[in-house]
Amino acid sequence: MRRSAVSVTLAQARRVIEAGEAKAAEIGQPMNIAVADAGGNLVAHVRMDGAWIGSIDVSINKAYTSRAFDIATKDLAEHSQSGGQFFGIHVSNGGRVMVFAGGVPLRRDGVVVGAVGVSGGTGEQDQAVAEAAAAAFG
Amino acid sequence: MRRSAVSVTLAQARRVIEAGEAKAAEIGQPMNIAVADAGGNLVAHVRMDGAWIGSIDVSINKAYTSRAFDIATKDLAEHSQSGGQFFGIHVSNGGRVMVFAGGVPLRRDGVVVGAVGVSGGTGEQDQAVAEAAAAAFG
Amino acid sequence: MRRSAVSVTLAQARRVIEAGEAKAAEIGQPMNIAVADAGGNLVAHVRMDGAWIGSIDVSINKAYTSRAFDIATKDLAEHSQSGGQFFGIHVSNGGRVMVFAGGVPLRRDGVVVGAVGVSGGTGEQDQAVAEAAAAAFG
Amino acid sequence: MRRSAVSVTLAQARRVIEAGEAKAAEIGQPMNIAVADAGGNLVAHVRMDGAWIGSIDVSINKAYTSRAFDIATKDLAEHSQSGGQFFGIHVSNGGRVMVFAGGVPLRRDGVVVGAVGVSGGTGEQDQAVAEAAAAAFG
């Protein structure tokens, strides 16, 4: 048995980001968009002109989180509120775990091999852009 | 095309802080008052005599947060409680994101070019002082 | 009087990165390349396929450092060794100050308005790629 | 016996900073200037227009360091280089200890009751401004 190193290339990350930018432009909200690889490590990031500077870190860490737990951050959020089974997980990993919408896994043949993280608007907007971005992966 | 960014001079920051101090004196609550520029970086800070030392960092980071997300921290607070769309954002950016009242953007021609952060009293007091301070920017 | 700050657009950052990638390909060493704006905040980052994951943070922080002190990190290095006038500066700013080659300011009309940071090879290689990248800014 | 709370008022900090600004203007180098109280906690900070953003943190922590060890950071530097008796102290206190010139104690009746920290130029410039600033305390 082997631990396969299928991951995300820079070219693929750029296609994912490009699709995210198109969606962000469509909804008229500038975004930070980041792509992480199978190791949770950053492959590429862009901040669209006018996007929040506080969202740089958030986008990178939404991508990290989504790969770190192989889950959409939107779904992680459900269990991470006060009273939930994972409440408090947001302070783990040095504060890198983002428990709100905008992080979506990138899958190949059903296996998570990376993730995209989007931050710059409402939770709904971030999620819409992240899903459009992830759909371009393949 | 260029990304242009008018920011905040030290002289302007001092006028903002002076207005904040006057309001703080009026309500009888010593405050920490900080001003950040367009990049979220500190321009000036004062701690009034008797103000909390724990509020030094809070005031500086309220200013940072308000510029980082182009929003009053009071409004960010609404969405950052457990169950809200941004719950968990307070651990991002190395713990610099303050999700309670007292950070107010500084605008020029409708564009956020910096922010003021106030800490030292109740949320209402901090907010009142921050608004009085921001009103002196122009 | 106003503190004005022309900065770096995403389109400009991409041209800088593209030039850096071309140089990295020429010398056959995959690199991380990051661009920061006038506030020291990240505009864009890419990790070329095969580049070190430890260099993600280094490239981003070389860009930060070069803008934070308006200097090439290579030159900062000269004064930051044991016995130098700035020895110890590398622990300031939360460990974000990189005191070795690979960070180069981006200037407009002689004023630093951002920076590029490169990490992935020897100091000489990082510097060569950063200089080629910076030369594309304008 | 009492632990006396003689410290630095905001009015005194402002006089110290004003004297530092005058010296910085005289030598033509914009500076960050910070004043800490007897507890090592920030009383006031200014960043002069055009001063390095990386020096915000450095100036605040030079003031902290100077009070934390009741010593000029220039003198602490002598013993903190590789091979010296305090080498490594710069990573203590969460990276807040600055071991290069520009931090000077503020004394009353021979007792250190605070400190000023200056950053923005060469070690010599920072030290000259810090000494001019400290001389205004009394």
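Chains here go by letter, A, B, C and D, matching the order in which they are written, and residues are numbered from 1 within each.
Keep in mind that, in the parts below, contacts are C-beta pairs under 8 Å (C-beta built on N, C-alpha and C of every residue); 3 or more make two chains touch, one makes a residue touch a chain.
In this text, all values refer to a predicted model and were calculated from it rather than measured experimentally.
Peer 1: Can you work out the whole-Å distance between the CA centroids of subunit A and subunit D?
Peer 2: The separation of the two C-alpha centroids amounts to 42 Å.
Peer 1: Could you state the distance in Å from the CA-based centre of subunit B to that of subunit D?
Peer 2: That gives a centre separation of 25 Å.
Peer 1: Nearest whole angstrom, what separates the Cα centre of subunit C from the Cα centre of subunit D?
Peer 2: So the centroids are 29 Å from each other.
Peer 1: Scan subunit A for residues touching two or more other chains and write them down.
Peer 2: Answer for subunit A, listing residues that touch two or more other chains: 49, 53.
Peer 1: Using the contact definition from the top, classify how the chains connect: line, ring, star, complete or other.
Peer 2: Per interface graph, the chains form some other shape.
Peer 1: By the document's touch rule, what are all the touching chain pairs in this structure?
Peer 2: A-B, A-C, B-C, B-D, C-D
Peer 1: Quick one: which bits of subunit C touch subunit D in the complex? Just the residue numbers, please.
Peer 2: 3, 39-40, 65, 67-70, 82-83, 85-89, 91-95, 97
Peer 1: Within their complex, state which residues of subunit A touch subunit B.
Peer 2: 49, 52-55, 57-58, 61, 77, 80-83, 87, 90-91, 95, 97-101, 122-124
Peer 1: Considering only the defined contacts, which subunit B positions touch subunit C in the complex?
Peer 2: Spelled out, the residues of subunit B in touch with subunit C are 1-9, 11-12, 37-41, 94.
Peer 1: If you look only at subunit C, which of its residues touch subunit A in the complex?
Peer 2: Answer in residue numbers: 9-10, 13-14, 39, 41-49, 53, 56.
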